[in-house]
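What follows is a set of structures for review.
Below, subunit A partners subunit B and then partners subunit C, in two separate complexes.
And then the complex of A and B:
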């Protein structure tokens, strides 16, 4: 019987010209978004790979010089363009693509897409995620707002009910029928996107298939939540007009107003310090010590005494190792501590802001889908932090290697300009290689959003099963 | 058997149906007459569980509709006054859908036979219902009711919108169903049809069953007089 209702719902929808036109428009939009998005992702990734290789060649070809000069010569780390970013660009447009790695300081990831964009980019890019998260739910609203009210208004509901059909079956038939129509639009895009995953995709991210499947499941659940919600509203609404107004109002609130309000609220509750404030704090702490009472010259004097005691020497000239190398590495490590502390503070603020937004996802499933989609596409805040961390670890690694070489091999008494190393030593530093987080890592970080979506699904299914009998028939 | 026991429905402080006692046994056609708002449709809606009674019971084969709404409806067929079908589906598709909901799965030849017996023109079978007239839709409704093979039939002004010929064919259909032992409860404004097709006639006024008579005990003229007198007393009441 369920099959019969589903078939009827599909036939009715398929023969509705307005829905046919809307579906075709959405399919064109999504196909364009997939094709353009994938081409863009591929191009950008190739460019970044080329740039990364060129920068490493530059590092190798920097000529003979002192290792500390090489640490200042620095390297660049380019953020890989995640494969699934062609489906969801997420924060990628705003978070920058490359970072300059050098001695003494942690730089920020620079050159975001937003910096290069014109004013129109404020209206957002056309991405599959945008269509899935915002426009497809709108189509669901138009598909489902009158599935019950129209039948009630026309009188067909009486005739259906009179056949002895339990309301729960009718309700679920309408839910699955509407959902099937959504899948008819959704699945071709899934197939097209799957066909876009090429060898480059697998090289860049070995876990790409799992992430893709998770993304497909995510949106399938998200659409089901919307379908259930819309059909339930229609089942209890007094008229089609009321149902449409209610659903459109809720769509605007959940997809437009609430996300913006949540961001503003998060920023109000957990304010982010300004860039100036942040940089000044770091500078002050490096100069005066983390506690403000341990200036750099005092720290240096203490270290000097410690090293002299260790080697039983009375002057640095008597040391068997290069004092400058030790001092520089110590300075580096102290600066790292300050940076770690301050970046952790900032990260904590962002994490709290994100957490607040994730809790709001229990009220607004759109937020849960948005967070999860960005995470699985590799374009969320956590991915950005993971890249920045990997780049910073690499910076510390190669700067330490420079300092260590200086400490061990730059003999005391040899002038700075007289101690040089060359290509062979530069080559001992492997190029920066960043692996995107695994699906398991992503999902474990995203548990609140998964829980929020499951919560919505369970609540709506429970309402559908519990209250179906109370659906008015007249 | 259809039975109403002290069946009442109250909206706010006003009774739409007050203390109705009624029995329609197998092979009987009980016609409910009355002005608009007399309680005819409310009675049918209560048997169909479209609304819940304020008090009393509507029973189908001795089973309270309120207790077993789905099971009792399985034993009922229903034709409303203004039958609306799915406009994007054809007559055949509509019939297959509604018959399917009732648990029947008629094959295409059977569907064609049912629609033909209901008097629908052949060329309309595979046309979308959006282009049907009211009478054509009503004929599909009759076919739906027949397809269900129910022991009870509830009719809410079923001949409204039918041309005289179709109306006459409908009367013949009722006679056939009655002979087959179907218990029929019909709300109608048509005194002639009630006298012709009904075995029992009830006249309702302001939610109450004022008269209940056997058709064979009253002529059409007497029925008309009784009806008008009852309605007049409503005006002066």
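And then the complex of A and C:
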């Protein structure tokens, strides 16, 4: 019997010209988004890899100079464009792409795409994620808004009920029938996207397949939630018109208005401090400590005494090591502490703001899907922070190496310009290599969103099972 | 004519009595008011931040000026006195940081545009500007992605939905409630009837947006009398946009379909023109013409910096004096002069490269411009943000101001540095004027 209902639902949908047209439009849009999106991702990634390699070559070719001059010459880190970003660009347009790594200073990840584009960029890029998150639910609304109301309006519901068909069975039949139609559009795109994952992808991110599968499961669940919801609304709605209007209204609120309003609200609840305030705090905190170029501080004096004691010397000139190298490294480490403190304060504020959206996902499943999708595609806030961290760690690593060399090999009494190192030493610093976080790491921070989706699925399924009997038959 | 008037009158009454329409209009109005307040909140915050920065700058300057009154016969004071009078040492601790902030357009809060992507102020000192502008306002990228819920958003995104909702039943409701055949038996053309039904709706829409705009002016404290031209410019854009959508719905009505199909067509049109078209354009442009890479530019400046430091001083001096013969006193060994000359070289190179880069960006954005008619929503949004100076162009103009300010500072500092003179009281007055500007 269940099979029969599913078959009937599918046939009705397949014969509907309006649905045929919408489905074809969606398929065209998604195919374009996958093909063009992948091409774009590949192009950008290649360009960044090239730039990263070229910058490293320049580091190697910088000629002979003092290691501290090299630390000022600095290095660059380019953010890799995650493979799955062709499915969901997420925040990529709004986060910077490269960062200059130099001595003494923690720079910002700069040059976001949005800053270089005109206002059009605010309207977003067409990606499969946009179609999945926003348009497919709309198609589901059109597929399902009248599955029950029409039967009721035509009087067939009464007949079916009189034949002794349990309402629960009918309801689930309609759910699976509609869902099957959705899968009919969904699965070809999944296959197409899977075929686009090439060798380049695997090199960039070893966990790519797991992430892809997780994405596929995520959207499959998301669609099921929407199908269940729409069929349930239809089963209790007074008329087809009422059902359609309700569902469209909810769609606009949850997919268009609420996401914007939620994020804006979060910014009001947990206000972001200004750049000026942020920089000033850092400056003030560093000022009270030691700075490599400013050897007149109390801290510096204490450090000096400590180093002198350690080597049993009475003046800097007597030290077997280079004092400036030690002072600078100590300065770096102090500044690092201040930066760490301040940056994590800001990160904490942003995370709180985002968390608020994550809790709202329990009301609006669209948000859960959006957050999870971005996370799995490698384009969410956590990924941005992970990249910035990795780049900063690399900066600390190579600046420390420069300072250490200065400390050990730049003998006291030798002028700054007379101590030079060359290519061999530059080559001892391995190029910056960044690996995207693993699937397990990603999912562990996304538990709220996963819980929200599961919550919706469970609630809707239990409503379907418990209240199916109460569906009005007239 | 009389019948048309009759239809008009009847339609007006029906509209007034329709509860669902009432709810819709109130919701829209509510969204509009929220948008106006949201914009005000954002822009007020910007203003507070700007004021905070300017206050800080003034304070720093004042405490620096106190040092000019120090008694220099006490040797402990010399260093402090120098820091207030010697251009190469001017500043409390490190070079003095000047702040230049953006002049916010009075209507900026009604259309925030790209304003949240860029800083509203820059702090920089006399040394190389190129190395000081790499900074952004702190912003949660999630918020940047979500965008601003301002009045322009309400008009560009939500207004078309209201128009669709108001118009899709113009023909269908008569047909579906069976009154169409009655109407057609009257001696009046169907076109007239539809016109009679459409006109009150058009008036409702135009009245609503005019009201919201006027309210926006009032809440943002912008006097209508002083900015009449601006009001009309906005009105002109919004009316044009509304009429475009009304025209679109007119075509849908003219197709004489049932209410369900009309609604789907209307909503489909909304999706295509406000969501899909701009998104598709962005997709193609970013894949076909990715944003030019800044790596080359960054590297060139860095290399020059490296060269400045690691070659004999004549490298910098030769180039610098060629550009600034007036400052040439024949000195080719002084560190301070060399130091400041090298900054000028860096800025010159950075500006040259930036020009090339901007030309590339412009070329790419022109590609978007060429196709913008496909995405009227984005087009209108861009137009509104342009009138308010909140688009990228507005920020570029601000950056130019920053560069001009820096150049102006240099015209005060450099002659003094190269002639090895101190700032006179008159010079300091000039600096103070620039700070309080």
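Following the convention adopted for this analysis, the second predicted complex is superposed on the first by the 466 of 474 C-alpha atoms of A that agree within 3 Å, B and C clash if a C-alpha of one lies under 4 Å from a C-alpha of the other, contacts with A are read in each partner's own complex, and residues count from 1 in each chain.
Heads up, the rule we're going with is that a residue touches a chain if its C-beta (ideal position, glycine included) is under 8 Å from a C-beta of that chain, and two chains touch if they have at least 3 such contacts.
Computed from a predicted model, the values in this text were never measured in an experiment.
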Item to complete: Report clash or fit for the pair subunit B and subunit C bound to subunit A in the combined superposed model.
Response: fit
Worksheet item: Touching A:162 in the superposition: subunit B (first), subunit C (second), both, neither?
Response: first
Worksheet item: Given the touch rule stated above, what does A:208 touch, subunit B (first), subunit C (second), both, or neither?
Response: neither
Practice prompt. Could you tell me the angle at the CA centre of subunit A between the CA centres of subunit B and subunit C, given to the nearest 10 degrees?
Written response: 100
Item to complete: Look at the residues of subunit A and decide whether subunit B or subunit C touches more of them.
Response: C
Worksheet item: Given the touch rule stated above, what does A:1 touch, subunit B (first), subunit C (second), both, or neither?
Response: first
Discussion item. After the superposition on A, what does A:15 contact: first (subunit B), second (subunit C), both or neither?
Written reply: first
Practice prompt. Figure out whether A:263 sits in contact with subunit B (first) or subunit C (second), or with both, or with neither.
Written response: second
Practice prompt. Using the superposition on chain A described above, determine whether A:350 touches subunit B (first), subunit C (second), both, or neither.
Written response: second
Worksheet item: Rounded to a whole Å, what is the shortest Cα gap between subunit B and subunit C in the overlaid structures?
Response: 17
Worksheet entry | Residues of subunit C touching subunit A in the complex | 20, 31, 38, 41, 49, 52-53, 56, 93, 113-114, 117-119, 121, 123, 134-149, 153, 157-158, 161, 259-261, 263-264, 267-268, 271, 274-276, 278-284, 286-287, 290-291, 293-295, 298-299, 302-303, 306, 309-310, 361, 364-365, 368-369, 372, 375, 377-378, 381-382, 385, 391-392
Worksheet item: Where on subunit A does subunit C make contact in their complex?
Response: 18, 22, 29, 32-33, 36-37, 39-40, 43-44, 47, 51, 54-55, 58, 62-63, 65, 69, 73-74, 76, 78, 90-91, 93-96, 98, 100, 107-108, 110-127, 130, 134-135, 138, 142, 240-241, 244-245, 248, 252, 256-257, 259-264, 266-268, 272-280, 287, 346, 349-350, 353-354, 357, 381, 384
Worksheet entry | Residues of subunit A defined as touching subunit B within the complex | 1, 4-5, 8, 11-12, 15-16, 154-156, 158-166, 473-474
Worksheet, complete the sentence: In the complex, subunit B touches subunit A at residues 45, 48-51, 70-74, 76-78, 80, 82-86, 88-89, 93, 97-98, 100-103, 128, 141, 144, 148, 154
